[in-house]
Amino acid sequence: MMLTLLDELLLFSGATLLVALFIGRGLAAGWMVTILYGGQLLALLKMAVLGYEGGTIASSLTLEVMGQALSWRFDALSWFFALITIGSALLSSWFSCGAWERSYIRQGGNIWLFHTAMALNVFTMLILLASGDLLSLFIGWELVSWAGFLLMALAGGVAARAAMRYITYAMAGGMAIFGGLALIYTASGSLQLEAVTTAVEQMSGAKLWLLVILFGGGFGVKMGLMPFHLWQAPAYAETPGPGSAFLGAISSRMGLFAILLVLVKLFGIVKIESLKVPFTLIDARDLLAWIAVFTIILPTFTAMKQNDARHLLAWHGIGQGGYMLLGVVVADAMGGAGGLLHVFNHATYQAALFMAVTAVIYRTGTSDLNKLGGLVVRMPLSFVVLLIGIIGLAGLPPMNGFVSKWLVYRSLLNQGMPLLFLAAVIGTLGTILSVYKLIHNIFLGQLRVEHEHVSEAPWSMMIPMLILSAIIFITGLMPGIPLEWIASVLQTVGLPVPDYTLGGVESSSGSLDMIWVIGVLFAGFGVGALVFYSAGRSKRVHQLDNYAGGHFLSADVRYQYSDNFYAGLMHLIGGWYRGSFLWLERGITSLVEFLSLGMQGLYRRANAEFYLLTTALFVIAWVVI
Amino acid sequence: MSTNLVLIIALPLLGAFLLPVLMRSSMAIALWSGPAILIYGCWIIADLWLSGFAQPLSVAIGGFAPPLGINLYVDSLALLFAFAVQLLGLVFWPFTLDQESARRQSLMLLLVAASTGLALSGDLFNLYVFYELAAVATFGLASASGSGAAYVATLRYLILSGIGSVLTLFGIALIYSQTGTLNLAHLAQLAPEQLHNSLGLTAFLAILIGIGVKAELFPVNTWVPEIYATASTRLSAFLAGLLSKLALLIILRLLLLIFHQPEAAQVILILGILGVISGELAAWRAREMKRMLAFSSIGQLGMIFIAMALPDGKGMLAVLALSLHHLIIKSGLFMLAEDWGGALERLRGSAKASPLGAVLFVLFSLSLVGMPPLPGFWAKFVLITELAAQVEPLYLLGLAVFLLATVVEASYLFRVAATLYGSPAQDTLSEEIPKTKGLSLLTASLFGAGVIAVALLIAPVGDGLQAIAAQALDVDLYITTVSPAVSGGSQ
Amino acid sequence: MSATELLIELILMPLVAFVVGMMMVLMMRRIAAKLQRRIGPPFFQPLYDIVKLHSKKTQVSHGLIHDIGIVMAMGGYIAAETLLPVPGMNGIAEKGGIITLLYLMMIPSLGLALGVGQCANPNGSIGIARALTAMLAYDIPLVIVVFGVAYAAGTTNLIDIIAVQQAGGFETWGATQMPLLAIAGLIAMHASLGKQPFEIYIAPAEIATGPMVEMGGKYLGGLFVMQCFQLYTTSVLYVCLFLGGGTNWFDFLLKSFLVLAIPMSIAYLFPRYRTEDLLRLMWKWPVMLGLIGVAFVFV
Amino acid sequence: MGSIKQIPVVEAKRTNPLARVFDDLVRFCRSRSLFILHYCTGCGAIELPPAMTSRFDMERLGIQPMVSPRQADILLITGYVSIKTLKRVILTYEQMGSPKYVIGICSCTVNGGMYWQSYATAKKLDEYMPVDLYIAGCMPRPEAVIAGLQQLMDKIHSGEASSWEDYYRNYDYYLGNQQKLFGEDWQTPTDVISEAKHYDLLSEGTLGDHTRLLEQHQKPLEALEMRLGHEQEEPAK
Amino acid sequence: MISAVTPELILHITAIGLIAIGLAGVVLSSHLFRMVLALVIAEAGANLMLVLAGYRWDAVAPILTSRAEPAAMVDPVPQALVLTAIVIGVGIQALAVSILIRIRQRYATLDRKEAAERMDAEIAATLGAPRDISQEAPLGERPLPPLPADQINMRGDSP
């Protein structure tokens, strides 16, 4: 049997898993696994033709089970997501090697399980990305869900509870997809990808709606779309450091992949647009777009209230997912490109941010935003990484997040969607607010006495962070590099392709050239610096030499503002949170609990059997007569 | 060959009565005779299977040809279950030897004999007799622990079962008064004219409720949590794993051969849905391993009932797959529960003490909720594709309930898994954490290996099951096999 | 356009902005003085202040980020000026467009925020928190307004937006075409200037000028420079969006000063809004006006 | 108790004519842009609002109120200074950026005024910090304040207002007086000696017995320099 | 057939009536022994039903003698079945009674509710688990722990 390139990649990935599984306890295991991830990346790059020109590469492995044919293949879409997956796995794994690993073991963590779970996640994700029919898609989907569960539950305690919550949500989503799968199978008698298109053409409006809801909901759970977003933040945040970087970067994007594959490529946006929401003026596409913007706004503002750096970032991860979906469902050239570019960009800065926070935890032992401060003088490189990351996250120039958000905005503007546009901008503003809180409370302000002797994170952690920072900046400067891959992805899923250049996008209605923008920005900084440094030399003073209305500051007085950071804002909108959809989850939980109690009562009552028997007889009598 | 097949019922029956006597003379013989009988039974069936068993065959007993005489009907489905009975009888054999266990061993043999009879019998009244025989053996085994709770539970089970047998008898009487025969093949011929009316439906429903007591059918399954909580784990495993499936097999045969009316299917569907809802939800709140498994088993059987209710035998493959899957998984889980019975909270941190047990638990749970490469997924997949193909809203409701129940199932099973892997409370001594060990762990590992083997060999296993299902679905084949006269052939 | 011309434009644009900005600061202070029946500062007062601050002997720094923050605060605006077309000079306006411009205008705030953070003074941090909240308040109507204008013009390119308005003289001005948006934009612009009654983040008597609390010497001087740019950028942006840009420099400057004079005249008549009142005000009236205005654009 | 030393000021007039023009311009700008620190100690503060508002309008002279010592040029001591207040005044003075000017308003700052008998007030302000200008009166009217400020402007323009240098040059003297009042462990967060070195104003009067005493009691308050080292000094908790 | 009241009809009604009485007795009685007795009655009804299924009024007993076969014989099969059923029934009743004796020995009561209560308590005690339904104790921890985003480890106090 000839091995195709895809087979090589999957074998490599499987080998990584086996290495992690069997020699994961060895000290060099981390490095070995990292090198193998590098090998996977090389195997993926051998398929680079997919990313640049499109086409498909099939796996030579096919199966036939119970009359269902299973096959696997890669196209530009898979390749793009696989690139992000393996890239983030490589860097996260690199980050975990050496210093972090040792401290993790010292704290009683199981590093073998960690490496295994990471390798398993990558492997299952690749299988999902390679799925060539709906059944293999579902199989990959479930595998990814459970692999994710393993990684999330690693830390035990709070993490395990969060993972439990995740798996309940994921199962619900999985079952929705399962149901949708069955409907498609019924309609078209096949589970090949083309069958979806056939099924969709045959289906009536109501059934199609059901299908869209089942698939949208099922995939949406993984993406953390409203109102299924509650599981994500605690689950990602409580995962051990590099794991959360990896999960935050790519895991929930698998949902977007599936949405792109099924809803966009196979259903077609046109079909979705033709589904009207009854009694309203909007259609299913608008509905998805609105879900997307609420997914942007609410988690972002929830993030603002977090007091733990990891939770804050994880909540943003949910919110940023909304931009991706928004861009994709707007589905014009710029929107599609923006949504997909944001997948790439988000992976880079989210991984960098989680790594920076992990570095801080590694040195200080806490990620509590109220217990940190002033670390910039002790961990300047981590500060720079975090700064670059938050600029990307907030979508400000000159980092890459700006480009993707710009594209999404432009598409909304071109399509004339003012409310969505407004909502997207509100999300961005909220992001700016909360990321400032993040960087301020960790790195700025007064250095605490107990952190006087903290030093910069070790190089084994620093290098992956710096690489990511460089990627964030370079792709911000030259977004044409990822846009080239995205162009083939857009072609693959049948969306229009924007007219891109190395520095941005050309368009008759206003274009963007990041090389120029960043050029003048840095020139501006240069001029500013010239003005600034031409004046007298400044003198550093101690942080306690500070205006306090004439008060004498001493080290034991905590002269720092970190708690209830946006007090004025919360004064107005604090009351609007109201548990942020927790009521929904609690309501469902209580309902299940209540029903469960009733059902147990049914079985456990002293003479329940007789009641039941009479009910049964009654039912029989009713049916017979 | 036919005599051999009779032997697999007759030998355990004989053994059951002789064992107490043998015990008096020689402990060693008594110790090994039971397993020897079961191994022989397994060998007979395996031999039959391997020697190119393709066509079903009918074995007349006592020289009278059906429909007058009593016959055994042996097709691959029956043979599969008969084999499972013998094998599981061996697996769950109470291996200690004293006066008390002698009684248990002979009751076990009795149970095996009756169960094999249930699997093979081709006559309605014979089924009833074997059914009652199995019930008596079950009562004996269930009350064997001797605690007050076991007695009360057994009595309640007995009364429920008694009502069931009254109803079954009533149904049989109705059928007989209508047709004058109790041979299944004969009934299958007569049914379209004589039994597809409200009288026949009443008879079927009476039998359904009656047999349903054993099959954990929704309204008559209140005995389940009590019996599983008080009886020995091995018995529970046998009851949940096998006996319920045999009762199910009877209902399935009746449904396929005789009562293929839509109303019958509808009732089964409704009861199945209710069973799923009640079982899974009740399990969600269970605080104790065995009871959780008991409730979960009710839910699982509800799913099988839903599959059974599919019209025109479409659910046959699903029923078969789900039954076998549940048989393996539940037996394995009950084996783990042998050491892990009791409050779930006590299991906190058990994974450290017994890693293999924890891994097996997770494996079984994953398969039960249907994680893809494991066999449970394929079983569920077969079911839902068939369910979704139905146009009637009730089936779609069944589909929705089935999917939601799976979510609930995952939730409570993995709560236990999380407890297993959690860190024990501060004041717990390591000796206090229950560990899985010895024979039960070995047995559970066997089941675990089985699950993995099936997962790896899913393609051939699926084909095999499809063949079995196709054979079981063929009513004409059944009729011609039992009474060749109809088609003019001769035996 | 040759590279030299472009380079000259890129140098000239911020320079002009700075000079005009200083005059705008002067105008602002003079208006305040006139309203309070004072004489007000002399003509070169903004220049005196800046020169004095830069020539202070003591330059207290709290760290590198403190310095960089100020550089970013100035540099961001200097870069923004090159995206803002003025009569005869377009700079690189077509490479960015209005969305980029709005984002570049956030860079100085972010830089300032970083610098203030490093100052390790809670008054400053509170001020920044309030400033960011205020940004959340006024950016929402501002964004609606920008959306409406860009959608009406069918482009995000400021040069095109201006060209569309200049096509038919006064009738095609944004303010004539979209009066509601113009009003909303004016209110949002007023709030974005951070002057009374929207200067909760400075609140001298409460949090000691908030972000500026630890800024002395060239640090404060940098912020004075930034303020010049800020006034210029804001008013010129408004002129470009609603008043048809400028056909010549006189026209252009007249409009810019007039636009700025309106909020300045209002500013000194009101007491300060609290943060939540500011939010409530900004999210209510200008947003409502803006949305109605956008609806008209769509009609 | 030492006395204030008259240290000759070296004229820093530069020879380059362009530089002299530049210096002149800078001095002019300094004199025309004066930020007053809002630090009101006594009853004299009541005269400042009229001086600022429409009647007298300090802004026409380029004088503005500021709230933070970092931003301000002028410290106005507007009345008696209790000992407790004096600590804050000194702290604030040291935090102001040079060149900085102190104006004592009201008689209380000159000689204690009506509080001359009080045990709790500092009588002579210039024992604790160099004062550029006194505006006597109880209280002086706004006209007097404006006149005083104008006088200060002239002094700044001509380069005479350099009392702030005196604080660095004679730090030992001022510190001695402060220590006498506040005790031996008196310390402000500002490291004046290192600033004196920074401005090249270290002279014989800067260091002395009192500064040695200060060094004994002083908790080190060196600036937290940015560190790039990866070696942890102490293991993280 | 319904128009005339035949013995057959009466007997059928009797059979169904016996079953009904039995079932009602099982459902309504609160004494375990009475429940067993009610079961016996129901079983008798079912047996009667079965006998009736094959009985013919115009025929003789199905006993083969040397004489020539009569024109009509009662169907012998149900009678054989009933015999079997009665044997099984008696066996089960005996088992039931023996269990009743054991229950009486253990719990000193044969009241249905009380026995069930005692059983529940004993199960709970042996398994070490809280009783599933209890009026006294609270429900305990929810299986799906609500993890409000803003409440978990807010200050990082917990390890």
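Per-chain residue numbering starts at 1, and chain names A, B, C, D and E are given in the order in which the chains are listed.
FYI, a residue touches a chain if its C-beta (ideal position, glycine included) is under 8 Å from a C-beta of that chain, and two chains touch if they have at least 3 such contacts.
The chain list, named the UniProt way, goes like this: C = NADH-quinone oxidoreductase subunit H; D = NADH-quinone oxidoreductase subunit NuoB.
It should be emphasised that the depicted structure is a prediction, and the values quoted were computed from it without experimental measurement.
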{"item": "Co-neighbours of chain D and chain A - touch as defined", "value": "C"}
{"item": "Per Cα centroids, the chain farthest from chain C", "value": "E"}
{"item": "Pair of chains joined by the greatest number of C-beta pairs in contact", "value": "A-C"}
{"item": "Inter-centroid spacing, chain D versus chain B (mean Cα positions, whole Å)", "value": "95"}
{"item": "Chain centre separation in whole Å, for chain E relative to chain C (CA means)", "value": "86"}
{"item": "Centroid distance [mean C-alpha coordinates] between chain D and chain C, Å", "value": "36"}
{"item": "Interface hub residues of chain A, defined as touching at least two other chains", "value": "161, 164, 168, 374, 376-377, 380, 447, 539-541, 543, 545-547, 592-593, 597, 600, 604, 613, 617"}
{"item": "Residue numbers of chain B (touch at least two other chains)", "value": "156, 159, 163, 284-286, 411, 415"}
{"item": "Junction residues of chain E - those touching two or more other chains", "value": "23, 26, 116, 132, 143-144"}
{"item": "Contacting chain pairs - touch in the sense defined above", "value": "A-B, A-C, A-D, A-E, B-E, C-D"}
{"item": "Residue numbers on chain E that touch chain A, as the complex places them", "value": "23, 26-27, 112-113, 116-117, 120, 132-133, 139, 142-150, 152-156, 158"}
{"item": "Chain D - residues contacting chain C, complex", "value": "25-26, 28-30, 32-33, 38, 53-54, 57, 59-60, 62, 66-71, 73, 95-100, 195, 199, 224, 226"}
{"item": "Of all residues in chain A, those that touch chain E in their complex", "value": "158, 161-162, 164-165, 168, 230, 233-234, 302, 305-308, 311, 315, 366-368, 370-371, 577, 579-580, 582, 585-586, 589, 592-593, 597, 600-601, 604, 606-607, 610, 613-614, 617"}
{"item": "Of chain A, residues touching chain B in the complex", "value": "63-67, 135, 138-139, 142-143, 146, 149, 153, 156-157, 160-161, 163-164, 167-168, 171-172, 175-176, 178-179, 181-183, 185-186, 592-593, 595-600, 602-604, 608-609, 612-613, 615-617, 619-620, 623-625"}
{"item": "Of chain C, residues touching chain D in the complex", "value": "29, 33, 36-42, 44-45, 47-49, 51-53, 55-60, 63-64, 204-205, 208-209, 212-217, 220"}
